[in-house]
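Next up: some structures, all given as structure tokens.
In the two complexes below, chain A is the common chain; its partner is chain B in one and chain C in the other.
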Partner chain A sequence: MSMMRLMGLIRKEAYEIVRDPSSIAIAFILPLALLLIFGYGVSLDARGIPVAVVVDHPTLLTASFVGELRSSRWFRPTNYPGEAPAEKALTDGRAAAIVWLRSDFTRLALSSGRAPIHVIVNGVDANQARIIENYLNGAWLAWLAQRAAGEGIRISAPVVAEARVWFNPAMRSRDYLVPGLIAIIMTLIGALLTALVVAREWERGTMEGIMVTPAGKMELLLGKLIPYFVLGMGGMLFSTIMAVFLFRVPLRGSISVLVACSSLFLLTALGMGLLISILARSQFVAGMVAIVATFLPAFILSGFLFDIHSMPRVVQLLTHVIAARYFVGLLQTIFLAGNVWSIIVSNCLGLAILCLLFLGLAIIRFRKRLD
Partner chain B sequence: MELSLRRIVALAIKEFLSLLRNPASRAVLIGPPIIQLLVFGYGATYDLKHVPFVVYNQDAGRLSRDFIARFAGSPSFELIGNLPDQLALQQAVDSETVLMAVNIGPQFTSDLERGRTAHVQFIFDGRDSNTAALALGYAQSIVTAFNRERLPRNSGVPASTIVLDRAWFNPNLESRWFIVPGIAGILTLLVSMLSTGLSVAREREMGTFDQLLVTPMNPGEILVGKALPGFVVGALEATLIIAVAILWFKVPFTGSFPALYLGLFCFLLSAVGIGLMISALALTQQQGLLGTFLFMVPAIVLSGFATPIANMPKAVQYITLVDPLRYFLIILRASFLEGAGVSLLWPQYWPLATIGIVSMIVAAGLFRGRLG
Partner chain C sequence: MDAIVVANLSKSFGAEPARRNALKGVSLRLAAGSMTALIGPDGAGKTTMLRTLAGILTPGAGEVSVLGHHLPEQALAVQRRIGYMPQRFGLYEDLSVEENLTLFADLHGIARSEREGCFSELLTMTALGPFRKRLAGKLSGGMKQKLGLACTLIHPPDLLLLDEASVGVDPISRREIWGIIHRQVVEHGITILLSTAYMDEAERCDSVIVLHEGEILAQGHPGRLSSPLEGRSFLFELPENLSTSPRTVQSTIAGLPGVIDTVIQANGLRIVMEEPAPPALPADLVGRGTLKASPPRLEDAFVSLLFGRVKRHGISVPAETAASDGTVVIEVHDLYRHFGDFTAVKGVSFSVRRGEIFGLLGANGAGKSTTFRMLCGLLPSSSGTLRVAGLDLRRAPSAARARIGYVSQRFSLYEALSVKQNMEFFASAYGLQNRRKKSRLAWALEEFELSAYAGANAGDLPLGYKQRLALACALMHEPGIVFLDEPTSGVDPLARREFWTRLNALACQGTTCLVTTHFMEEAEYCDRLVLMSLGEVLAQGTPSEIKAAARRPGEPPPGMEDAFISIIEEHERSSRRAS
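For the complex of A and B:
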């Protein structure tokens, strides 16, 4: 391997990057846009859920319950005169749930002490429906305690669950979305940057020109990897700065561990992109495969949005070949918890295996031959 | 502008050939979306199952065991151990062995028996706060059910109960019914945009687009010819995906196919239009691909696929108005679950058609504008 030839190849690739600014855009504009959208836009915390309230027979008791809903920040109750208009509101999407106090509510509450509050939710978004149900239960318990206090009786719920959420006590959704998102962005950057570079040379016919040079296989591969590695780490640095200084996500682990883990991950992602590029030979196929094999799996199967434990066993096994899975775990731990070595070592091991696999396959499949 | 059908058909045939001639590109158009639908359909779920948890129970009484049994017996949680002390509990959370740890104090049973409030500490791993928040909700509903049975009856307090009568459209609250139609929308966007996003860029890169411009074809004909393959491929792919959603995932289809396909038509118009616009702007395939990506990723994130649009800040909600996927997801979910017909879906059709027509006009203008 000749250092001079390698430097020459790196310079050539660097010129390609500078000449077509789209790869610089992917390294810096994509993180900027996505972090802003996620950091400010995406949240699973519902506020002001529109609720249709139907009270068949208004009394002081029903008024106090509706008042409790109104004072809750989760709900935005609207009164409807009957069940039919409320159901229409639910169908149109103007209400997410119906709370229905039937005509015998007050009588049953005062006599038997078991008066039903009927709830109908729109179940299309099952997760949202479940959240609404929990909030309603909370409002109901608060109302009950308040009523009891008014009667001079102290009843409180028999069991009070004191929830503590470690590492993110305020449950700021930004704090966990941003590290996970950086993992997804880096997956994109890594694969997209390299996915096209070898396929492009085949398609444009410049590969033949390179073949007649004395440059060896390793020099060619390193010449492709190194410039994009530098660009990718630039994107990582940029994303981390945004996370820490703009979104105020705590960085509790050490920077050296973060740099080491990111380098390992980026190498894996670039290796995968390079392998796709070598196998595909056409930019269309390479681009399609890069998107299908990287972005969507990283988005859905990495544990960033959906819990891996809840997936069927077969799908859980599949997540082990998705590099983003390890990086999501690493970043969430490094940012929010600190240097927890058991997690860092096991995830880095997973990454290292994938990295060797992708780069090894890339070396084997990359031939200086026309066929 | 006069469009000649003969010229359009000729160009469309050429486009189809360049898209499908290569076996590899044929394979990537058909295979991966179906595989992804299957994998993601199973993988993407908000219904928690087997969330691992540990217990540090300092109470020897019957009630604490009953309390724990409700968690261990729930399909959402899986008890993986009883721990001897607080330190072990802390380690279990730190090392991500468990997502939830329950700490029950020594007075639990006696407090309850004397009518006092028993406090139970629940610790969640906030690194994965999304799942932690879901698990917290599940835990709270188990605690509420426990409390309901123990609340004093006839204590002079006008008590009541919350009764969840029905969950409309999805009685068992299966999040898969919500997510699978969403994945169908994402995959349709992906296939249709990718098959158009590179088409003009490829010709520019190879230099054949200049040749196309000097033929008697006008920009309108080029536009239609270029749009057709993405349109047809997208429609076929969507049909296949919808069939898998209905037949394999058994997501109930309660709406009407004409309403769904009118929506699909409008959606493809906008997806192909935006794809062509990006393609016409791009000088190389790399730019085309990256442009497609820069559009597609935010479009998916802001579509309401994984997080409700209503939870987003107002400013971001306005941005979602130009996201075609937003409208198509509503059409898909309404057609599958809510039994919506054409009349109910009008508010979704016309924005899609508008986005489609505007982007196509811009694309046609760019064909000549970016020569060289």
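For the complex of A and C:
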């Protein structure tokens, strides 16, 4: 290992990064675009749900209940003259749910203090349906409680759940989406950067010239890892700044823990990229493999969008080899909960094993040979 | 001491049944301080040999020792002491000339104090001094190649391995590169092994190795290799004011019994015979030129060595018809093409008559391909007029395109389709149907002798066969004009000869052929040509007109390469005077 050779390789890579806009674009423009699209465009919260309201016998009480729905930011109620047109609205997709106040609503409300409502939810999107159902239920309970308080009656709901949400009290889905998204972006940056730049050397024929020099394989590998590690950390810093200052995601854990975990993850992602580039020698193939083998699994199997615990057991086992799985957990914890050591240590351990695996394989498979 | 010792080296690629043996039990010894050329047809194993010696391919079987180090175990020790220049030397195009040199100096551990002296010496030698800060990607082809050479000479090496270092560069750069290589042997005693497609380069080496299909056919001093041809080489001198084209004479002589090879050269035809006896010229030729014995050249030896081993095809050249009636089929006037603020083609004008072979000559980057793409309607021109087959390309590009055939630089065949499927596809693409399609397919398989390969994938064909297939596909719809962009680039001398014979046959049938090439000696095969440099036409006319223009009083007529160099130098002088 010679410092002069290593520095020479790093300097060369640095010039290429600065002069060829493509790697800068991957490290900075890609996170910017993805964070803006996802941060603003994707939200798992339901807001302004179109609700078809059918009232059999309009009274002051029914008006008060519909008023309650209207005043909430979750619903956009529309009155329908009967059940049939409401159902038509549901099937046409103009309404996501039907709230049907039957003719006995007012009578039951006055006599027992309990006024049953009939709710029909479009269940095509099961997740959304459950959220709407819960929201409607909540709105109904709130209205009952408010009415009871006004009348001086205690309502006797069998069990009243008092929910308290920890770590994300405002229940803003953006707060947990953005840290997860950073993990996905970093997977893509890490793997794509190294996979493309090594494949580029093969394509342009520079690799053949470099191979027939005294540079050893560790020097060649480190000469790629170090510059792109720095560039990747730059992308990470940029994404974190966007998360905290643009999306107002709280950062409750310490910066040093964030830096340490990100470094470990970035090394793993760069290792995957190196491994891909050793197997695929054209930029096109390397790019495709990087996206299919790292980005897509990270998106689906990391727990970023879909809960790992609700996956079938086999798939759950599979998620253990997805590096992003550990990083999603780490980032969500560090951003929203703080330094929770049990989670940080176990996830870092998982990452460290994968990191050693990928880098080790890259070192073994990389040869200064063409065959 | 021997710098390289190779014993029974074999190397194959791929798995059975598609295994290809690149080297079959090759043994050789190279004395330290000698200069050796590796020559042979495409796929002979030249690159595999050089890569194995550089330690980046593992020998399949046999012993390889380079500078006393055993390969493949001591590859790193070898790589510390050699300089290797691959066919496409990978320069970092985003790095400047100086930064590229610094990178290789770093990799070879050159002390900082020695660098300045070493760099300035290399930059002076390669005449790259004024371009120190220029990005390597912005250099011309010849300059890139010289910079690549400078990078491999940085340490300085004990052994230099060069894989076709001067292919595709302009004649001036080729001369400079050769000068640099030669100095390494004379001044520094470096051992050199180089592969080349130019026989004149090989002729200047101490020793030549002829490789063919992974085996050594002959080895020794170039003079010794050509000595068996003593008395078998002849020159048929033709007067400069010959009424017919030398091509017709060539095709007649090529058909005579006992003739191995005929080449058109500066002042006539070179003829190589199977036996030491002059060719029996037919009566009508006897009076048209003078036949002389000529000292054999390495190229004669190379062709005769491969004669019989490589299946050569008797291509019948029909007698010249009244095809060349003087009708102008291509007219180019004041053509310009800009790419951003770069002007690739500057005011080019020429016209081509029916049945002519018309050449566009120039180094890489001279603007030949850009001109070509505009002629084929693939690229719009920035300004100027273009008429092909009587049609204005700006108004009726697709109608004009239906009348032309185009063979692109890399042949653009579908590599995963078989030979026949490729032909069928191109036939359909040109709108051929039923009987006509069937008869053209049969014609192509027969005419280009591809029947044996009809079921083989185009990607698996040897380069020479790919070239034939590409030509067959371009001729499917019987176009009146064919455009061929660098059809002989990377193709060995034998395949090049065959290609020109084929073109000759086409032209005689009345097909107009437009060809670009960077091989200056191929100019002799053209009826007329233009010489291009940096987007401009420097000279045009018949080969003898161009050579006459470059002829200095009191000197013998120059070869095309010398003519080209003196025309470029004259052009540079006059443009300096003008500015």
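Following the convention adopted for this analysis, the second predicted complex is superposed on the first by the 317 of 371 C-alpha atoms of A that agree within 3 Å, B and C clash if a C-alpha of one lies under 4 Å from a C-alpha of the other, contacts with A are read in each partner's own complex, and residues count from 1 in each chain.
Heads up, the rule we're going with is that contacts are C-beta pairs under 8 Å (C-beta built on N, C-alpha and C of every residue); 3 or more make two chains touch, one makes a residue touch a chain.
Every value quoted in this text rests on a predicted model; they were computed, and no experiment measured them.
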For this session: Name the contact category of A:208: first (chain B only), second (chain C only), both, or neither.
Result: second
Exercise. With both structures placed on chain A, which of the two partners, chain B or chain C, ends up touching more residues of chain A?
Worked result: B
For this session: For A:9, decide between first (touching chain B), second (touching chain C), both and neither.
Result: second
Exercise. Which holds for A:103: it touches chain B only (first), chain C only (second), both, or neither?
Worked result: neither
Problem set entry | Which superposed partner A:122 touches (first chain B, second chain C, both, neither) | first
Exercise. Which partner does A:20 reach: the first (chain B), the second (chain C), both, or neither?
Worked result: both
For this session: Figure out whether A:256 sits in contact with chain B (first) or chain C (second), or with both, or with neither.
Result: neither
For this session: Could you look at A:37 and tell me whether it touches chain B, chain C, both or neither (first, second, both, neither)?
Result: first
For this session: Using the superposition described at the top, list the residues of chain A that contact chain B and also contact chain C.
Result: 20, 204
Seminar exercise, completed: In the complex, the residues of chain A that touch chain B are 20, 22-23, 25-26, 29-30, 33-34, 37-38, 40-47, 61, 65, 90-91, 100, 105-106, 108-110, 112-131, 133-134, 136-138, 140-141, 144, 147-148, 151, 153, 155-169, 171-173, 175-177, 188, 192, 196, 200, 203-204, 280-285, 287-289, 291-293, 295-297, 299-301, 303, 305-307, 309-312, 314-315, 318-319, 329, 332-333, 336-337, 340, 342-343
Exercise. For chain C, which residues are in contact with chain A within the complex?
Worked result: 13, 51, 54-58, 72, 75-76, 79-80, 82, 84-95, 99, 102-109, 135, 148, 151-152
Exercise. Can you name the residues of chain B that touch chain A in the complex?
Worked result: 22, 24-25, 28-29, 32-33, 36, 39-40, 42-52, 67, 93-96, 99, 112, 117-134, 136-137, 139-141, 143-144, 146-147, 150-171, 173-175, 177-178, 186, 190, 194, 198, 202, 205, 282-287, 289-291, 293-294, 296-298, 300-302, 306-308, 310-313, 315-316, 319, 333, 337-338
Exercise. Which positions of chain A touch chain C when the two form their complex?
Worked result: 2, 4-5, 7-9, 11-12, 15-16, 19-20, 201, 204-216, 368-371
